[in-house]
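First, the structure itself, so that you have it in front of you.
A, B, C and D label the chains in the order they appear, each numbered from 1.
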Amino acid sequence: MAVENYAFLIPLLPALAFVLTFFLGKKLPKGGAIIPIVAITISFVISLLITLNLLANPEEVINQSYSWFAILNIGILVDPLAAVMLTMVSLVSLLIHIYSVGYMSHDKSPSRYFAETALFTASMLGLVLSDNILQLFVCWELVGVCSYLLIGFWYEKPSAATAAKKAFLTTRVGDVMFLAGIIILFSDLFKIFNGTIPDGIYILRFDEIFAHIPDIAAMNANIFGMEVSHITLITLLFFGGAIGKSGQFPLHVWLPDAMEGPTTVSALIHAATMVTAGVYLVARTFPMFIAAPDSLMVVAYVGAFTAIFAATMGIVMNDLKRVLAYSTISQLGYMMLGLGVGAAIGAEAVGISLFHLINHAFFKALLFLCAGSVIHAVGTHDMRQLGGVAKVMPITAATMVAASLALAGIGIPGTSIGTSGFFSKDAIIENAYLFGDTTGAWIPYALSIVAALLTSLYIFRLLFMTFYGKPRTDYGGHESPGSMTVPLSILALFALFFGGLTSKTFNTFVSETFVNNFVNLNIHELASIGGYHLASHGGHHEPMLILWMPLIVALVGFLIAFLIYGLKIVNMDSLVSRNNPIYKLLYNRYYQNAIFTDFFSVKVIYEGFAFAGRAIERGFDWIVNWLSNLTLEAGESLRQFQTGVVQNYATVVITGVSLLVILIKVVMEVI
Amino acid sequence: MAPILSMIVLIPLIFAALALLTKTKEQARAIALTGTVIVLLLTVYMYFNFDSTIAANQFEELVEWVPSLGITYHLGVDGIAMPLILLNAIVLPLLVLFTWNDDRKSPNKFYALILATEGAVIGVFTALDFFLFYIFWELTLIPLFFMVSIWGGPNKHHASIKFFIYTHVASLVMLLGIFGLYFAAWDMTGTPTLDIPTLISQFQFIESGIAKDLIFLALLFGFIVKIPSFPFHSWLPDAYTEAPTAGSVLFVMLKIGGYGLFKVMLPMLPFTASPNMMISIMAVLGSVSILYGAFLALSQKDLKRMVAYSSVSHMGYVTLGAAGLVSLSVSGAMFQQFSHGLIMSVMFMSCGIINNATGTRIINDLGGLAQKMPKLAVIMVLIFMASLGLPGLSGFIAEVSVLAGSFVNLPVYVMIALLAIVITAAYHLWALQRAMFGVYNERLGTVTDISTYQTFSMGVIAILVLYFGLNPSPVLDMMLTNSEHIISLMAAMGV
Amino acid sequence: MIPIALYLALAAIIFSIGLYGLMTQRSGIRILMCVELMLNAANINLVAFSSYHHDLTGQVFALFSIALAACEAAIGFAILLALYRMKDTISLDHINILRW
Amino acid sequence: MDLMLLAPEITIAVTGLAVLIIGLFLPTGSKKILGYLASLGVLIALALTISSLGTEALVFYDTVSIDALSQFFKIVFLVVALLFTIAGIKYTEGHSNTEEFFTLGLFATIGMMFVASANDLMVLFVAFELASLATYALAGFEKKNAKSLEAAMKYFIIGSLSAALMLLGISYIYGATGTTSIPEVAANAGVLLSSPIGLVSVVLLIAGFGFKIALVPFHMWAPDTYQGSPSVVSALLAAGSKKMGIVAAFKVFIIALIALQAEWQTAFAILAVITMTYGNVVALNQKSVKRMLAYSSLAQAGYITMAFVVLTPIALGGGIFYALSHGFMKAGAFIATAAVTYMVLSENKDSNDPDHIDNFRGLGKRMPITALSMTVFVFALAGIPLTAGYMSKFILFSSTIQAGFVWLAVIAILNSAISLYYYAKVVKYMYFLPTDSEKVSEPFPYTVAMVIAVIFVLAIGFWSEPFVYWAMEAAKVLIPGGM
């Protein structure tokens, strides 16, 4: 099958669409939306064909490399991991594009919007396709800048412009760590090759990197007195990048603000693409993480903590989109946790995490698009002003319920009945249990369970406040047009059934990536480099309670939400008050804005360092000016020497003669 | 073979003289455009006949000049010089177009100075004799000095004199180094010569270690002031800021400091008495420049001044990469020169346009310009992204090569430089956000978007930035050839 | 025979007197005279050395020097005269428009 | 004895006398011809000198020597004289005593030429005085002008003092060695080593020559005189008579007193540093262009003095070459100032400070040729490449490094950098500061003189080979053998 010869078209077509839309879009109806839609459709078809082909023939991994510059290359790598990502990204992006045709129809410059989203899609697809870490970084950054452009799409709104900047800068902090990781990796490989790299070998290619994991692991760096293996260092730095991109604590602060962009952008960024890039990065370089158990531990803890941390804030937000934003952060935490447990279960972790990633992409895109649909219709995203929207927008409400069920992870353990989120999230939580069982680190599991409860609580709170009951204000509104509801419905189907249908095959398919193909060391050897052994998965069975636990807490969460927001048996005003310190803390988002933005960036960097810098700069200027003034003043005072009286001149001459005699004597003595 | 190098050096100078004789703006700019386009055509011809697989000097011309002092008229280009000549040849015609419709006093002098600078700068890149090299080196000062003094901003006198004297001191110190080298070689071989390749190859035979170090440091000082590197950069913000837009662009074209670093310093480096100390000096200066320039840029209120400091920061990569002593880092540093030239010219053009349109460059006084100047906004976003090192644009290639390459030998310094990346992003975005986005500041009055000429010249450069970001090979290959050559020399010495 | 040292001492004394006068006097005429003193002190030296070496060069030199001193005096007086016409004074203390 | 060897000197002498005599019979209105006559004479002498380049001979009982050094310096003096006479044509316009001006100038030139070729201290002293006396008179040429008279008075008094010091020094040398012939002094100079007389006479001679060269602290007259004298005369003083001091010092110290090398090398090292630094620093704030040029002249003298310290053939060649370049640059700069002064005075007869820098405002528009020439001169003085000044500094400074005097070279280089400030200031005034005044016609003879100087300044900078060659040949006279 020749479809692999067209794999390079997957990112290229949207990129081309970007150029065409950018220059021609204004002249076409609806901002030239048709161009990216067609391009992405083709990308999706190719991706799907490749995925199907890989499913049938797992060994037919596509890997093509071309020299780029110096000893670096560009190339494409489509293995199962990449293939599923490609398919998901192109599909979700396609649906969002179609949805946007309606959503953006009233905007001033839809062509710019479609151009930017096309570029965004292209970058994301390019990221997934990369066969080397540098190209991945390139696309990673492009994704970042596209998100900057899209979040700041309504740039005349100061808040949008600020949010865009914040998003870019915060992720940039992670990017720098990522880049540092790449640089250290490069230099290690460079040294391993002794500085002479044979032609045709591209040292930053993943297969090349993985082949040298033992060598890299053998290198140690001394950081503040601690001996750290380079492999741990590099993977931690990579994870630093992932923290930024995937909104993990503490670099998640940009994500809620990113809601300033059009809702479709939020869907694109928070559901399918940008935020998953971090997870993908860790998954992509998972063999390295396997060899660095300390890093995996960090991944697990950060993931679990982020999951609960974000969820707590999700329950107090009143802004529809913000709740979803925190939900995204929280779910990304789950994905990270899923990867982190790899220290216990090996390559399967990639499968589990990716599965949740894909499912989350569908239901989160759906949630955002539903929210967008509501906002589009009623013109506000403050939930306190909504209520009873279900009556006005039945389709939107129905799809929203489907998405919420998926997010909450409702399903019956042990069967194939359940929403997508059920299968993937449960798997993660169960594996977290296993992780605790194997390594003795129970905290991630505990956090993930509580987070599951909170997840259910905030999403049903959202449902009740928005769709249930009576309108709190007179907002009018109507059901959205077909171009919007059709994608919603398709996504709803995915959100409900994708997990159930694929849960058996998906995991093996994706995990295959690192089990047999592609990496010349098998996963157990890698683990032994890291100094530990993977648990044998086969004979292990979790207690029944553990299997049911996620569902139970989800239902508890629903119940609480129903009691408070559905039946209103608890007076909200007593809880939601300025006097409640917990509420205050949560509502103010743990004061992180104050801490990060105001204190850290503004006060410390801007005022502190910049002030110091200016002072030093003035110092330099002062030195230069002082020298020049000194010279000028010396000139001025030496001039006085020339009195104009001729007798003085004679005196000077005569004194000069005498002094010269003495000076010569002295100098000659000295020498 | 036609003396093509003499032609590309002399044609701008001759056209400069012609431009000086013109009376009107129309004549002057036509002459300037003709001259620069001829140079561009010749350079392109030369580029396509250039063998990028060898590190040797090509298109050499050699004529005796002052034999009793060993002075020759010796020109030639190698892979270090070729891209920089190309940079000048490309940007200068566009600069002329950019200023096409400007109204200013004495346009004849203005265009004459632009042409003279081009000739002098290309002269530095082609000279293979230190005497000639120094002549062109100093010759670059004069037109720029006039440029700032005549058409500069309110503080032009201070800025021009400061720039003139400051860099002149540096040149003189460099001259001392040249003298040392010249006579050391003369003593050893018995024949005077100022031929650059010969002198460089003689450097290793100098017996006195102190003499070698002093010569090296003197030359290094001359070059890094021109780059400029922390802490010798203080002429730059004033000069760049006070210069008219064209002057700032010409300053940016002045890549002679970095050129000297690669052409003269690196081949000599392994033979100094204490190469490790020299490497450390360069590495410290480079990495501190990157960080320091970024912080200073962050604290600026004036857009152009911010860009000027960002230039200090970016040029730090050149020094750092040169000190990295890995072919990737060295070629990356060379590429940084090339890329920085392209990016900064558009940055300064943008500053100029904003200043002309609104009458202010204070970032906080601007706002929402993107609504009134959409074309400018697109170009500016692209070029700001390039400047902050966005992949896919030329700045990234350079920076990542420098950082990755240098890390092999200089991990700590690279880590310092990495700290600057976020700050770099911060000030770029801050400026973009405050100046271009947000609510339009009505006090700025009515502004119109950039003219066709301006769009063309900025657009072409922006496209080149993109092109070289995606496909750096056309210039990077020859840089790599040369840097590999340099590194192989060092490897042979066991450094 | 008078030892050469005495001639030299005499010359040195005369020269010093000339120097002293040059530094302290205000009148242009006196300054001119001091200059003449100094020149002649040197002439004494020359002549003394000439007789010491039994060599005529010194005396010839002295003759040339006397002639030159005369020329010098002539020019000097001419300048002073012109100054006097203009300023009605030959006190050189106040002639200092050119300074710094 | 072949009188043809002295043909240049004779030509000048004859011309001088002819000018003087013819002048007596001409009415004031038609005295312009005298200038042309003088110029013609200088031109012929110049041609004769150039044609005799390379000859070596001793004449007048070995008291005068014709060699590469003397010929080279004679060319310097004659070129300066040529510029002086050409510019003088305009300057003396309307003066009743034109003939005196040219005759004095030509006589001064003869004095300088004989200093260059003196092989005997007596000849040297007499020629030195001849040049001095003529220039005393020239400095006071404007006898109705208080400044000119004051300049002449100061020049005269300090000059006489220096002459006395020099004569005293020579008398001691004569006393110690028993001869005044330079080669014989050299042969017997060993005696001086053992006695304090040696040191004293060295210092006295340095004071004597230092007066002409204007080395700090013997320079006191120079700024005042250069400022007060007519600009054309200042040109002769700065470009010509200063070089006379240098060539005299070359001959006396390097040839005659080489045995006392340690003493005078130290002295010159001190003086060079003080002189260049003082000159440059004080020049920074000057408002009178002539005074600024005078201080710059000090600085340049300081650079040239470095040749005495370094004392390698290349350094000496560089010093000699510098003397040539400086002749053109400084003469040109003063003549350009003369043109400006003329312009200012023709607009306002009572102008007090015709050479004030404010009068240079907008000169680029008012007198384009003058302004351009002045730019070339000051850039050359500053040592901007492709000018004579750069080439000179190149050779001189580089040889300083070669000889290991890095500290001296560094000081010189820093000085050179400082000097850029005040040179650039002149250019700034001429081109960047606005003026309301109109364009004026530029006086033709000044223009000719300036253009000649510009051509040479650029030619020496660009086509340096012959000049460098002859400078090096001249240096070989001082230190035979060479490198």
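Just so we're on the same page, contacts are C-beta pairs under 8 Å (C-beta built on N, C-alpha and C of every residue); 3 or more make two chains touch, one makes a residue touch a chain.
Values in this document were obtained by computation on a predicted structure and should not be read as measured data.
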Weigh A-B against B-D on C-beta contact pairs and write down the one with more.
-> A-B
Distance from the mean Cα position of chain B to that of chain A, given in whole angstrom = 37
At what distance in angstrom does the C-alpha mean of chain D lie from that of chain B?
-> 42
Using the average of all C-alpha atoms in each chain as its centre, how far is it in Å between chain C and chain D?
-> 26
Inter-centroid spacing, chain D versus chain A (mean Cα positions, whole Å) | 77
What parts of chain C, by residue number, touch at least two of the other chains?
-> 22, 31, 92, 95-99
In chain D, what residues contact two or more other chains?
-> 153-154, 157, 161, 165, 223-224, 418, 421
The positions of chain A in contact with two or more other chains are 628, 639, 642, 644, 646, 650, 654
Spell out all pairs of chains that touch, sorted by label.
-> A-B, A-C, A-D, B-D, C-D
What part of chain C is in contact with chain D in the complex they form?
-> 4, 8, 11, 15, 18, 22, 28, 31-32, 35, 38-39, 41-43, 45-46, 48-49, 52-53, 55, 57-58, 60-61, 64-65, 68, 71-72, 75-76, 78-80, 82-83, 86-87, 92, 95-99
Within their complex, chain D touches chain C through residues 122, 125-126, 129, 133, 136-137, 140, 143-144, 146-147, 149-154, 156-157, 160-161, 163-165, 167-168, 170-172, 174-175, 178-180, 223-224, 227-228
Per the touch rule above, chain D residues touching chain A in the complex are 153-154, 157-158, 161-162, 165, 199-200, 202-204, 206-207, 211, 216-218, 220-221, 223-224, 262-263, 266-267, 270-271, 278, 281-286, 418, 421
Footprint of chain B on chain D - complex, ascending | 379, 384-386, 390, 394-395, 397-402, 406, 409-410, 413-414, 416-418, 420-421, 424, 428, 431-432, 464-465, 468-469, 472
So, in the complex, the side of chain A touching chain C is made of residues 639-640, 642-647, 650-651, 654
